[in-house]
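Shared chain: subunit A. Partners: subunit B in the first complex, subunit C in the second.
Moving on, here comes the complex of A and B:
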């Protein structure tokens, strides 16, 4: 009986458990704000979702393709600024600015990618930092986009299309839907040729090229896709805060947070960024609320500490640790 | 003629690594490239594979000029290569590694997987094994499997059989024979004379960037110029110390 069951089980269980895993996760995330109804908990939830979206977007090019960008705030900022710029110029709904932000981010990704993808490893990372910082400094002196003061969104909603809500709940579910889209897209990529090519490029560009992988084009596509999703994250951020300035849009901390959240959970793994955000965001919120305004500097210390610990002990992130520690037989059933 | 390299030279600054080398490969041949270390065979090999742009000369594959084509264009055209130090995709299983190659001609995942499975079977690897857990022989074998999955007409093997134990070597030789039997033309760079003697019918010997001899392996090892390149010139009055040998080659 067991001999009949076990091959059958091996065939069905991974799919079943994979589906169950997705369903449990989805149910948990859907129910969270209904169980934890306090404004504080809901706010943490929204912040968590935003961090998970940004880091999952980063993960496509930084994790899967191994092109560690530390300048993704440039796309986040574009996504954040464009809706508010449209609003302040013509009074348009932020929704009109979201696709424009995506288009601008993809255009920027292509312009940035062409020269920087000639660089590898640390040189690529440093180039992305430099570009993002240039954009931040430029933005803070450009009065058209509000210079150092930044831009403001609609104070009160004229209608649902302004995406300005009183409570946290609508934001929570909008963000959750977007996270779902990002994760489903990433999961689809993982299974396709594109995903295999990304992982091959991460491991060895030269070997990938020798097997006919169009390395430059694949990296460019990954960056463009990643930029588009990061831009959406930026747009979501401003619909919630209704305000953007150079630091909260293009600041280096935005980029660093994406890297750390993904790396903490596991870069290049589908649920890595989710796990990273689930750990980091409550921690960050806690330090901020314990230490008040003076605690914001602690975020840097926290990030620095996490970088050191991950780099020293677990470069693959926590999911990698889980994969190593949990026995293989038990784990196989859970693999999606 | 499947591959024709005409008057190929490669200079790094003033140093001419390859100086006017010619190579013509007929479909179905196995050709060996040998020579002491630093003779220019690897540079020449990289020129053919599209990894290095030759300073002068032309490389024609199946009637097409591929001299300036990118490595990925070479793969698409049907020229496959392995690396001396196999760059295994560490985070992927053996099957996934081979699938990367298979995706070149099979854009759908299931087709690519089926094709990769056949190749993995042919090379005697375990499909589920993680890339990082393979030893040197496994990595070299995987390197061959991966490129085989791209469906090459010409396979360039860069010391794919070096560093193996005698048993592994025999298995690897058998694998190369099986690949050849599939109708794939092979150019092989190798230091191990046993491999060259058993596998190839024709050998090119490189020294200081020039092709100094070519012919059957048996004839080449008796060639005066070849012996001199490897061992140095015999002096009329032997010096008190034996003449230095050229590297490990």
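Moving on, here comes the complex of A and C:
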């Protein structure tokens, strides 16, 4: 029996495996808010999707290209501020603000990438954290963008026009669609020349350059793409909350969240950020509800601890641990 | 007269910046490694000083030494338990290790000491000195003088002693140093001890003159980046000059533009440096 089945399996499984995984994941995510109908569970679901989107966006430059940004909140904040600024100035729909946020983020990415990508990766990390902090302080002193108080979205929303809804469900499916776009883009990159360039740069920049990889241009493109998606995540966040201030837009903890979600699941792996978000978001919700208002401090102590432990013992994240620990034979049977 | 006071005050603060930044540059020069938790070391030094004063009623000399020793021990412990293992790992692990450490230390400090600003109780360094019409707090003068002395001592240690030569040898070529009978692990642990110790004592010095809260670690960490970028990565003397310059720029921009703009000017300078002279004042390309 086994003899007959195994060649057949070898023929069909490789083609099915990837798609079955995608289909199961998509079905699970599509059905989640219909199974868990409580507002609380749907809210957790929306938070999960947002974390997964921003961490997947970070993953393109931080994970695949190995250029560790610790200031991605600058793109998130630009994406969050621009729609609300346009709204408060002219009453425009976020549909106009989102592309503007993307354009600004890409411009900022070029400004940071141009000088730092000539140097080793440490410069890039330092520059990102300093620029994010610079923008945060600058925003909190600039009255045009609301200074320390921030900006307020539409009070009485105009439905689809403002992307503002009463329930959680429309947000959930909009976020899910965006996550789908980010993941499909990343998956497409993985298989193309661009993806191989990125991984080559990550493992050795010098070797990649000697083989003719256009190192600086590739890093720049990865950063621009990552910045664009992160900016969209910021815009989505703000359509949901209807409010932004310097700390929730440009604060360092926004960057921390992207880094830890991606690194815990597996930086440089397609589904790493999803796994990281699936673990961390419920955990964060739980610690916040267990410890009340003081819980957020404990959450960040925990985050710091997790990041140190990942860096020390398993820089590849949980997915890589899974690939190493679980024997090949087993994995094949259950792998997605 | 006020202008002179602003300038002297800025230079004195800049001297302390130079002291803790020299610790950061030492690590970079030794092992091509950026410590994102360096500002947190400074912050911890401040709290060590506070605890020594409150619980043991120690004077400035005692809490200064206590902060240096405590942070030196912490630096060595962090080297052996964390840094040694990630230094040969991927870039992601190198950056995340100290970035996570910074979060861990910062939010633990928030949890233990609360977010309120604190300052040292009255001590022998309180009071103001009148130097020909320029009023300067004694604490700032002492802090600045001690910081310059210690930064110069660190520079001398690196350039004029056997230990310094060994440190530089390991930085130059680890394998060759090993063949000469130097133990690279010990030297790198020593560098971490010196680096964290410098940050700790700089924290204790600043605690005498300024109030603080756990969030200062982030600010000092970024200032150390700017100082090191300006002075050149790996150059202690460069970070002394750069520290003085940054302190001066901060004081001047705080006085003429307003206190909230002082950090904007400094971080803006950092971005400009990355664009136009990434190797810094005294760094080699």
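Here is the rule we use: the second predicted complex is superposed on the first by the 319 of 336 C-alpha atoms of A that agree within 3 Å, B and C clash if a C-alpha of one lies under 4 Å from a C-alpha of the other, contacts with A are read in each partner's own complex, and residues count from 1 in each chain.
We take it that contacts are C-beta pairs under 8 Å (C-beta built on N, C-alpha and C of every residue); 3 or more make two chains touch, one makes a residue touch a chain.
Keep in mind it's a predicted model, so treat the numbers as computed, not measured.
Could you tell me if A:19 is touching subunit B, subunit C, both of them or neither one (first, second, both, neither)?
Once the two structures are laid over each other on A, A:19 reaches no partner at all.
Is it subunit B or subunit C that touches the larger share of residues in subunit A?
Counting contacted residues of subunit A, the larger count belongs to C.
Classify the contacts of A:324 with the two partner chains as first (subunit B alone), second (subunit C alone), both, or neither.
After superposing on A, A:324 lies clear of both subunit B and subunit C.
When the two structures are overlaid on chain A, which partner does A:311 contact: first (subunit B), second (subunit C), both, or neither?
Only subunit C is touched by A:311; subunit B is not.
For A:133, using the defined touch cut-off, is the partner it touches subunit B, subunit C, both, or neither? Pick first, second, both or neither.
The second partner, subunit C, only.
Check the residue A:62 against both partner chains and state whether it touches subunit B (first), subunit C (second), both, or neither.
Second partner only.
Touching A:123 in the superposition: subunit B (first), subunit C (second), both, neither?
Only subunit C is touched by A:123; subunit B is not.
Do subunit B and subunit C land on any of the same subunit A residues, and which?
Residues 202 of subunit A touch both subunit B and subunit C.
Which positions of subunit A touch subunit B when the two form their complex?
Interface residues on the subunit A side: 191-193, 196-197, 199-200, 202-204, 206-215, 268.
Mind listing the subunit C positions that touch subunit A in their complex?
32-34, 36, 81-82, 85-86, 89-97, 99-108, 110-111, 218, 222, 225-226, 229, 260-261, 263-264, 267-268, 270-271, 274-275, 278
Can you list the residues on subunit B that touch subunit A in the complex?
Its residues touching subunit A are 49, 51, 70-72, 74-76, 80-81, 83, 87-92, 96, 99-101, 103-104, 107, 109, 112, 146-147, 149-150.
Under the touch definition given earlier, write down the residues of subunit A that touch subunit C in their complex.
62-63, 66, 68, 70, 114-116, 118-123, 125-127, 129-131, 133-134, 137-138, 141, 202, 252, 256, 259, 263, 267, 297-298, 300-301, 303-312, 315
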